[in-house]
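Each of the next two complexes has subunit A plus one other chain: subunit B in the first, subunit C in the second.
For the complex of A and B:
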């Protein structure tokens, strides 16, 4: 779980969402408010599929699943089990 | 201050387009981002902010220049022009804005002497249209929005912009090994070959070079209809497909109008912004790669199937990292002559134009403040020149809860009557449930 979260944080805060000090961006902070847009969500999903060897079904891609790092980590973890 | 700032590979693509537009007898790749203001902005504060912007981002005061085969910017110490225009008392302010906007887009000379960025206050009847006009190789629409944010910020809050303004395109390329660069380049080339298996239809079949001019129209949906569009969009393509919804609606509106030049289907290129969301920098330079949306006429006619197809196509493109694959291709393109590069960028193998229309989704525009130096912001508009064909550019954005669609077209390739019917059809597609 920690590994998933760390990899997601690294990718999102480097590539998709700007944060002046990434260490201060909390795991329940709203990623959509922070600037994660529709093309970014697709990149995030493809990153997760590649990195964790899972398939995230289109039908499950809801705002609540990508709202913050806690939700995102839980969603990905549920597909790894 | 360095004497020569080279164009990044993405800027260079826009330089090629600039030359193509000029070759067709038009003024070049001029773009505009305008704010509709209630009242007048503080002129002294605006002048001072532009002077500071010029010193922080020297490229904004530069002139285009060439060194050997390389193009770049030569900074000057000249100020960014700020020009005041007043509406004649006997003219309606909206008509004045429209005619002056058109004059601005057409005013130019030799690109090496031109001022690539200027600001224009079009004042009248207690309102102002503040137009930032720039030459596209200088920066993209995301950069101009950030420049407005810089100007609006109090001097103490400008600190976050006062860092290096490096090109993300160059940074990405430098971060990759040669093996990865070449791998992506090959993937991009193969993708281009696949794209060209479908020859692109055009909205119009342009006649011989005539006295073409750029015309603009603006479709603005109210807050209620914008909410409706977003709700349908979400149901149709989900949260990961906003731009694809607009592209699909554009394709269907074009299909309804009937192609002026009918081939296999529609092909719409769309930019992919390399900046992380809400990043204050980079301000200058074009920080984009490109992807292509394609659909046959048969698929376009079936709404649900079209959106499914566009989503699948986009997911596959991102899965293959094609949004990155165009960066090494653009890097390589810089070594070609401008006409040869233009041919590769525009022409399909069968010889026709690859793009059926130019498209941009700027997304939701949120400024750091509700007013621009004392004048409340009421709306936004965008403009850009296009090549012939496709003679049509459709630019989407959202501001203050309203969907704004700036339609730029070349007359007489397309007529005002055609655009009016197209607008009606596009609105119907956006709201179709």
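For the complex of A and C:
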């Protein structure tokens, strides 16, 4: 879980969302408000599927799943089991 | 004769027909005309200097559309602001354009321009002022190669030439239900607004959030019985990949138009497979020409992974491949009137009367035009024009940055800008990112920023962009 969270944080905060300080960006901070857009989400899903060897079902892809790192990590984790 | 003429004809023949739908709100042609009439009247009661645009600070939707129609009816041109861009950039555009008023919801603080609050407009019959087709209708700001955004000024004639051609291309009629997805500052929106309203169709504004929920987008298109829409390949790729299209055929969807960047052939093949009865069209043209070339997708040619062609001339435009660099030159009715900078129109045609696109093109064995790349450094990021020089100017305006170079890096999901920077000691990249975010829209923010001790340079002293690209791709 920690590993997944760290990888997701690394990718999103390095490549998809601009923030003042990645270390203090909290896990419940709103990623969509921070600038994660549709192209970013597409890249994020590609990254997650490749990195964690999972397939994320079409019908689950919606704003609430990628709203913040807590939601995102939980969603990815639920497909690894 | 002007852009609103066909809308007015539909208004008088079918005033009660459905015109605009947004969420639970549905307005008839008459209701839309009356709201636009209220905007026009309010603009006419203000004594504003002639010859300058009125800005629209509203998101895509009923209010914004009524504002646009009202501005046009008052004899002025509209300037749509990108509300997702930083406020600094929006203010810069307001100043550069010399906009004389803004239409929006709550007024911005510290803005001295007259502000029209759309929510308090009272319905008034729409009586557009007579206009010439060469009068300006819209100014769309895009990224500029000189380091600042530049406005592309479109006349009534230019927008009409495209919207009327597109209407014929897809045989738009009163039964059509068009999904509006593009923001107003994107030239794709001229189809949504003017092709639809001039054919008596209804426009259905995509609810917020659906572009990031592809299967919900599919469900909405199905429930709303959308018959056609116009979007960018990156959004359609995501939709095709994760839109649950295999489980939900869209029998009402007659056509799909796309433009703004090259559609990867494999993804287009997948989409075409899911939508066997939908006519697909690749439209091509920089904002300066709107659409000047088009390719009705021939499904049988998608089996190979060759890039799809841009096809044949469109909208009555003439195309010419200048031998020197195989650059595409364009002449014809869809051409913009020029660039709008510091409140003035600057023509952009060359001495022979052509617009030089900066795109390299060729012809394939079938005689179709094929896009082969740019002559300059301009990038297309999800359909947005991105000039590396503008990102460099933003970086260099930061005291921490000594020198920099921006290039495009390409991977499996498209092209993104990336920057190499040489900085003062002790400055962190996140600080640079945070500062850039205050001035540049999201699609212009470099996805990678790498600190170098110095920029690799060519023997003539210019930055070696090929080496820099290699460093940033690593």
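FYI, the second predicted complex is superposed on the first by the 81 of 81 C-alpha atoms of A that agree within 3 Å, B and C clash if a C-alpha of one lies under 4 Å from a C-alpha of the other, contacts with A are read in each partner's own complex, and residues count from 1 in each chain.
Assume a contact is a pair of C-beta atoms (placed from the backbone, for glycine too) under 8 Å apart; a residue touches a chain by one contact, two chains touch by 3 or more.
Note that the coordinates shown come from a computational prediction; the quantities given were computed from them, not determined experimentally.
Participant: Which partner does A:21 reach: the first (subunit B), the second (subunit C), both, or neither?
Facilitator: Once the two structures are laid over each other on A, A:21 reaches subunit C alone.
Participant: Going by the contact rule set out at the top, does A:74 touch subunit B (first), subunit C (second), both, or neither?
Facilitator: neither
Participant: In the superposed arrangement, does A:10 touch subunit B (first), subunit C (second), both or neither?
Facilitator: Once the two structures are laid over each other on A, A:10 reaches no partner at all.
Participant: Determine, under the contact definition given at the top, whether A:37 touches first (subunit B), second (subunit C), both, or neither.
Facilitator: both
Participant: Quick check on my understanding: which residues of subunit A belong to both its subunit B contact set and its subunit C contact set?
Facilitator: 15-16, 18, 20, 35, 37-39, 41-43, 45-46, 58, 61-63, 66
Participant: Which part of subunit A faces subunit B closely enough to touch in the complex?
Facilitator: Residues in contact with subunit B: 13-18, 20, 34-43, 45-46, 49-50, 58, 61-63, 66.
Participant: Contact residues on subunit C for subunit A in the complex?
Facilitator: 209, 211-216, 234-235, 237-238, 241-244, 382, 412-414, 430-431, 433-434, 436-437, 442-443, 445, 447-448
Participant: Over in the complex, which subunit B residues touch subunit A? Could you list them?
Facilitator: Subunit B reaches subunit A through residues 160, 238-244, 272-273, 275-280, 311, 314-315, 318-319, 323, 363.
Participant: Could you please specify the touching residues of subunit A with respect to subunit C in the complex?
Facilitator: The contact residues of subunit A facing subunit C are 15-16, 18-22, 32, 35, 37-39, 41-43, 45-46, 56, 58-59, 61-63, 66.
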